[in-house]
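When the chains are written out, they are named A, B, C and D in that same order, and each has its own residue count from 1.
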């Protein structure tokens, strides 16, 4: 894929954030990696979605050096590249401050799997990371935010839970490309909203039983998945 | 009604789900039965509402065998056909994961009749089914979801409560045709939202008194109904 | 005003209900009285806002006899005419099942005056009526709903509180004409929403102090009011 | 800047209130000061956003005397001019009754800094003022509302917290000009909503740790800020 095509895909995925009501103003950013070229295309920092043009998307390498582009890349770039280096199976990353997912992040609680809507997309809870230490905050903060996330996946396949909430901060999601990472951001927001409503209706709701959780996740994602059209 | 007309009605009813904000992405599905021909028209699995065309609607018989169509029918087809076989008075079925109704399903609570908005459409509580056993989940899951629902109607007329919530999952609604089943899905979502707000404002709110419940339901649905225009 | 003009005003006020998101489907109804002619124009029963035409509005007298119109008037007509007979200062009445106001009605709680948004429009609490007795429900129900409301105003000027919530049911509002009664319905919904949020954030919030309540109400409505432009 | 240009900027900023869903009907008002000319342009009182024209904006001096304009200025004008006199660094002021911020005002609670969304814009809590005394209410009320706000900033830089909530009333925000004060009003509403959701999910959530609060505020606003594009 040419840089131009890569920028176009990342541009479109960023606009989708706004169409799905996941961001206001300059909140949020989406990126996509080209593994062959070893580069990442990402939203420029602090630019509004209405003003942004495809050529404003910045190309950086996996060590955060600008390869092409005249604008400064997202201030969260180091978190994105950390995730691409750590999770080899992913192709796109989205960061938002979507309202309900952020409320869970602020409450520093993982989102338990309370129903099949959640189980259709995530195999188990949506983890809230531990908090950063003061040393991490005052060190290389955006890089450490990536560490905060990957530390939560030491024993977990990132594809089985393509969404995480960062304690005190907000969500990150990923997917096979930029578009799918935005799709996961939108699903997370809806799952977070349903879980909020469930827990405020009954703070002691038990998680979904394991058999149903497995059934729903695997009918969509297992080797014998039968949801959707054959591809 | 020709297959073509049946598909058109089911297509339109599925689009209404999106217009009423009851679904995002490929969530949800609507079907309609033709009792004379013994067939059901239903949404194809995993197709987005923006891409779907009338000819994509799949025709199956009441035993789930495809009669016409090139796409795979909704993964929930067996639940729909179970309901058509068990409830002879119904003509359309809708399944959504609408937010507030799903929150009640996740809390595994029936929605009590708290006001006249509810009583205008449902004669009594909106039942939350019992949970499936592990055997049911690992058996013929979508068929068993239908059993889960019909078990809750052993002593109840499905017309007096054209909506149910499946524990840990989400709502199913029905009506005389596909369009009315969507109408009931939208009403359920609004009733579920009002009940959520009422119960979070006061967890101990008493249900509506029986005399008012009867009055409101019967002025719309009884033999002496006087709501609306004569037909 | 001619019947035609009266119908047009009532038609427009009913459409405003839908534009302000106060109703779905056929919910709600608005009327306006012509005191000189002794007639009330009101929405027809069970007609959707998208299908309704100005000529569908029904004219009844204050004893509920149809004077002009081919459709059946709203099933709530007797409640409207009761209010016009009891409250001589009012010219329009609106009934909705707007979500937050209805939640307070279902909780059978009056809305306390918690802030200046409320005090700008209502001088004191927004009262929730007592419940109907079974005899009232099984008698002339819609007339008794009017009685339920006017009983709550024995010692209160209806202009100082142009909105009420009917226990277990939903709100009624009024004003100098149909349009203003809809305006009050929209304000009530926003006030009810703010009060819901305040009370779920802190169930023990104290009402606004009396001096501020008086100040805000009177700067808009007292004889020395100084809000808005001179008229 | 000419009066005409100043009015145009204030007109546009007022319309943005409606586009951002921060106001209904005639709620809210925005102003901008011209420090050189010693005048403030502000919305006229009680005029709807749909009817307002740029020439309806009223010009007053810092002592509230009308300099240009045929309409009565906002009834909150004295609060605006008080803020311009007290806070020399600000250029625009916005007052709304936006829903979630007003709920916190009604609960008479400051909004604690619970996450980075808040820390990106405000260095510490968003303060809820103390309540007015009866003497203040019955005195020069709108002037005293300004005093209520500036009393809360005796030891605080208004630029470090460009938003405040007035107990029992609603928010005021400010910025370098009218447009930025509206931007802060929209951010406040989103921060207030997230904080509401967090606290209703877990009433005991701890505030964000100080190191992260400082990091996020300073990466956007400190002398070494690195968010956004160089200007």
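One rule holds for everything that comes next: contacts are C-beta pairs under 8 Å (C-beta built on N, C-alpha and C of every residue); 3 or more make two chains touch, one makes a residue touch a chain.
According to UniProt, the chain labels map to these proteins: A, B, C, D = L-ribulose-5-phosphate 4-epimerase.
Predicted model, so just to flag it, every value in this text is computed and none were measured.
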Chains contacting each of subunit A and subunit D, listed by label: none
Equivalent interface positions on subunit A and subunit B, same or different at half: different
Centre-of-Cα separation between subunit C and subunit B, whole angstrom: 33
Separation of subunit A from subunit C, taking each centre as the mean of its C-alpha atoms, in whole Å: 46
Contacts with 2+ other chains: residues of subunit A: 200
Touch relationships between chains, expressed as pairs: A-B, A-D, B-C, C-D
Contact set on subunit C toward subunit B in their complex: 24-27, 44-47, 71-72, 75, 97, 99-100, 102-109, 131-132, 134, 137-138, 141, 168-170, 196, 199-200
Subunit C contact footprint on subunit B (complex, rising order): 114-117, 183, 186-187, 190, 193-195, 197-198, 200-202, 205-206, 208-209, 211-212, 215, 219, 226-230
